[in-house]
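Take this structure first; my questions come after.
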Amino acid sequence: MAEMWINMGPQHPMTHGLWNLRIKVDGETITDAEPEVGYLHRGIEKLCEDRTYTQIIPITDRLCYGSSLTWSHLYCLTVEDLMGIEVPKRAEYIRVAAIEMQRIASHLMWLAAYGADLGLMAGFIYCMRDREVFIDILQALTGSRITYNFPRIGGVAHDVPSNFDRDALRACTYMERRLKEYEEMFDRSKVFMMRNEDVGVLRRTDAMNLGVTGPPLRGSGVRYDLRKDMPYSVYPEFEFEPATHPDCDCYARYRVRMDEMWQSCRIIRQAVQKMPKGKWRILAPRNAPEGTGVGRVEDPRGEGVMYVVGDGTDKPYRLKIRSPIFVTVSAAPKMLIGYKVADVVAIMGSLDMCIGETDR
Amino acid sequence: MSRKDELTFTGFVIRPMSRTMRTFVRALLLGKPNTILYPYQKLDLPPRYRGKHVLDFKRCIGCSNCAQICPNDCMWMEKLEDPELGKIERPGIDLGRCLFCGLCVEICPTVALHESVEFELADRDRSGLRFGPKELRDDTYADKVAEERQMRSLPVLDMNKCTGCEKCAGECSEICIAMMPIEATGKQKPEISLPKCTSCGKCAVVCPEKAITMSNVYESYFDMPEPKFILKNCTGCAACARACPADVIYMMDMPGTEKMLKDGKKSKPKKRAVFVLEKCVGCGKCFRACKFDSIEMPGVRR
Amino acid sequence: MNLYEFCRGLIHWLVDLINNLWYWLGDVLPWWFGDFFDAVGDFAASRGHISVMAIGLEVLIIVIVALINVLNFIWIDRKLSGRIFDFYGPYYVGYRIGGWLQNLADGIKLFVKEIIVPAKADKFGFMLAPIIFVGSSFLALATIPLSPHFGVATNESGHGVSAGVIIAFAFFAIAPFSILIAGWSSNNKYTLIGGMRSAAQMMSYEIPMLLCVASVFLLAGSFSFFGVVDAQHDVWFAIPLFLGFVVFLVCLVAEIEVQPFDLPEAEAELVEGWTTEYCGMRFGLFMMTSYLRGYIGGALVTALFLGGWQGPWFIPDEIWFLIKAYAVFFVIEWARWSLPRVRVDQILDVGWKRLMPLAVLNLMIAVALKTLGWF
Amino acid sequence: MAERGKGISGPAEGLERAPSTVDEDPIERIIRSLLDSFPSAIADFQKLRKGVLRARIERRDLFKACKYLRDGLGFEHISMISAIEYEDRFELVYHIASYQHRVFLELITTAPKDDPSVDSVSSIWGGANWQERESYDLMGIKFNNHPKLERILLPSDYLYHPLRKDFRG
């Protein structure tokens, strides 16, 4: 068969969103690849220049459907850096607990999509079912299921509801039991390992050079987790180990995310148990001073950075968002070339695409 | 955890299949499946759930803060006539554009706006999603739900009664009341610094004219813009005082501005606006009502 | 009394009934009409005509039974695998019978949908592929008896076609060609890859599968279903030929293209594989036929390895056969929902490097058993 | 099938903390060696927070400085490239991180309004490739020597650069 270009997307079960992966195949072997993004560009950066600082928070929620809380948290961190606000301790603990729940929910959604990509329908349904547990707690905490609009500049919107700590600890126990089942279902399944091992190899040097961050980077053997290495919020007060794996393949990325879920359970337990009393929100000024603020967090998908320029009014002069997947997907050709068409779903699935933040 | 060399023969099919079989047996024999049969069973929604809005007409003061904070511009203020409340202005919401972010509920200074747990809002027509104030009205809803917002008992000043006697300032143990002269009127008014106030209520007790009363006010986490008054432009037309939803603005005479009329009598003195900013909700209605650029509010759209 | 005799008797009775009226009509009419009426009546009552009518009725009954089974299979697939996934499955349509009518509702929906042919498709091939796919599957079905009394291959002698199993496998193996035709004629890159994968996949599973069947023939000493099932009177072939049973089951999963081996229509990578461009009832036929093939697969395993219709006396033979076939199908579905899909090079790997030696080993075991005279 | 990432025995290999041969904080060392190498180019050095630095650099020295940052100082990771339009200039902010030293550097360079072009750093960091394309797409900054400077988020026949302040949708 002659070589031909195949458009995988913009509407394709592999893409998890609206983007296009053009691959050149020789038979079933990929010889070239070219990701195309931009189908979901909503101009959020431009939109933010016309909104007040408070009004932007619900918009940053819309950056990523999988982990919207991280992005509004990142935005609030950035603006707090710009305004020079110290957030109350209790608010930081609530934020950390909520973000780690969001991380587990996001990773579960990734695992569900990954299972469906590889044809493991039971994995898809089970993960979506268990994600509900965390979504329900977040719903009781914030009032919404996907777009929480929960962090505020200078704290969080609400105090924790009654029974929050009991529910959170119960959910952690449930999740740890479930994770063991997943490990039995995924790791111990020979067919799953056949699809994952030695597939989508991304060397350590390549991963660092191409700007890959988050689980793909740690799956390539680089021990770099912003929560540990450049701590923000109250992460230094928690005990946890950033997950790494030296194998550089899809299985390593899968393993890193599973280990991160374990660590997130640990962090939630500590955050709930150590949560101090006090205020959860302070009055933030309406107008930001002139200057810049930068925030940097460990998103479930990688390193999220925001850079805000204030000009003394109540609206930001410029807001720049660094999406981890936007950079990671540019490394996709490096991983794809040489593998089979069927590996595309495994490789791109292991990157955990989220188009909302990629196209902004 | 598990690696390739740990994989045994059972890994081919038996382990994953035994996992699914356990769920199968549990779902088939021991209990109900996990699904909720939606139209017949409903989810238990937490009280914080953000659904359709509910407006309490009696609490609402018509300040339009909700319409201003809305990121999508999906709220508007509607003028209407109510048999009980007279001529009022109340917000309406286009739920077809609403984000359900809850900022309008959070900013409401009197907690008149709530979000109910009702989420079944589908309609065959976009116009069916435009809820005017009358469709949102439910004056009993606020009493039914648990209050989330913190309340503080704070002194509220009525400038019509105040004589500027300084008794309240003398009584305040936290020294949070300062007497400030009002320019061009020859009077003075107490200015209360609310962050320092301990809600002790002594100022209200000591006031001979009962100009200061203690009342419960919801705490706000929003830094609202404050009106800045420019005396030289003011004509004393009282448009701002009529527009103010929170009774912040009082019109006071400026002695010495009387003009001699032709018949020898003196005209009434000119008036000026006086702001009691402790009560201000920052809505900007006075700014919009003023035709003479006498009020400035940076960052508020006209 | 077998199915053929039953149909023949029924037709005979009907023809007699109608002919009575007919002859009476001929009597009351003028003579030139009466002669014609007599001739028609005699033809209707002739032996050849009744045989043809009986076979037609028999085919109709078998197809209806098969289609009801297919509906049951789709229901099992949805309902029981719904329980595997911890949800209800079809629920409201046919609430009293467990949502069974949902399949019919889906069929009606597919019937009223428009059939679209892509503009640059090869129209003839595009039309031909579903015909071959459905036709060959039904032909394979026709050879399989549910019991000595129930099956189209039973004739008046009652012994069935002597090479029934061979014919069944011959028709069963035609489907990949129609998949290739469908994939090529759709003029779409995904369908093309799907068709090519189907061909590659057939290369890998067909030979070990037939080697397993050959070992069964060796032990049974017969090519017909009756012979094979009769030979399992004492012990099911699944016990001495356990290896062959496992290999056959794995190959069967590949043959009927369900989950671990559904490469031609891998929905995650190749949208819907070779059925991407089909819609309406053509897609419905593909869908229905894939479950029909599941039924055939279950029936083949039952007949070749699980003792066919032989079972306790208190259950009728046909029901006993169907219970076994349903059980096999459920195991296949169970594996389908709990295993990921393999890659195209891995199925070739599995087929040639794992299943092929095992199948040969199984054949050697069969030869040994036969030589030792245990069968 | 490509071979596995051989030679990586553990996650920490080659990624130990900064060698302790240098007596002081790695951040101090970075500042000093950067100032030594580019005395004229680097201006306005600030330590913002713990581990966050800010420096300004001349446009013509950007490429050289970036190369030195990666090869000499171990800044392996380019985090973000943001373009900001002011009334009289464009500012390009390079956020560069070091995995070894846990340092986050904010490198600012300016370009005049009539010639918004800088040297591309995508040959130094592969991760800069798409970010530069994005800056070109949305802000209209030209990157010299970029391998493929095309629009990325917007359609290729789009006429405007929408993040500029004079753009009105």
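Chains: A, B, C and D, in written order; residue numbering restarts at 1 for each.
The definition used in the following text is that a contact is a pair of C-beta atoms (placed from the backbone, for glycine too) under 8 Å apart; a residue touches a chain by one contact, two chains touch by 3 or more.
What you are looking at is a predicted structure, and each value in this text was computed from that prediction instead of being measured.
J.: When you check each chain against chain A and chain C, which touch both of them?
T.: Where chain A and chain C share a partner, that partner set is B.
J.: Tell me which of A-B and B-C has more C-beta pairs in contact.
T.: Of A-B and B-C, more C-beta pairs in contact link A-B.
J.: Based on mean C-alpha positions, which chain is nearest the centroid of every protein C-alpha shown?
T.: Centroid comparison flags A as closest.
J.: Cα centroid separation between chain A and chain B, in whole Å?
T.: Each chain reduced to its C-alpha mean, chain A and chain B end up 34 Å apart.
J.: Taking the mean of the C-alpha atoms as each chain's centre, how many Å separate chain B from chain D?
T.: Each chain reduced to its C-alpha mean, chain B and chain D end up 45 Å apart.
J.: Centroid from C-alpha atoms only, then distance chain B to chain C, rounded to Å. What do you get?
T.: 70
J.: Measure off the straight-line distance from the CA centroid of chain A to the CA centroid of chain D, and report it in whole Å.
T.: Each chain reduced to its C-alpha mean, chain A and chain D end up 23 Å apart.
J.: By residue number and range, which residues of chain B touch two or more other chains?
T.: As it turns out, chain B has residues touching two or more other chains at 16, 19-20, 23, 34.
J.: Scan chain C for residues touching two or more other chains and write them down.
T.: If we look for residues of chain C contacting two or more partner chains, we find 84-87, 337-339.
J.: Counting only residues that touch at least two other chains, what does the list for chain D look like?
T.: Not one residue in chain D touches at least two other chains.
J.: Which pairs of chains touch one another in this structure?
T.: A-B, A-C, A-D, B-C
J.: Give the list of chain B residues in touch with chain C in this complex.
T.: Checking each residue of chain B against chain C gives 13, 16-17, 19-21, 23-24, 26-28, 33-35, 37.
J.: Quick one: which bits of chain A touch chain B in the complex? Just the residue numbers, please.
T.: Answer in residue numbers: 51-52, 54-59, 61, 122, 126, 129, 139-144, 147, 149, 152, 154-155, 157-158, 161, 181, 183-185, 187-193, 197, 255, 281-287, 313-314.
J.: Would you mind writing out the residues of chain A in touch with chain C in their complex?
T.: 1, 4, 6, 12-14, 25, 27-28, 115-122, 125-126, 129, 185, 189, 191-192, 194-195, 340-345
J.: Could you please specify the touching residues of chain C with respect to chain B in the complex?
T.: So the residues of chain C touching chain B come out as 80, 82-88, 91, 334-335, 337-339.
J.: In the complex formed with chain A, which residues of chain B make contact?
T.: Against chain A, chain B makes touches at 1-2, 4, 7, 10-12, 15-16, 19-20, 23, 34, 45-46, 48-50, 69-71, 99-103, 106, 115, 148, 221-225, 298-299.
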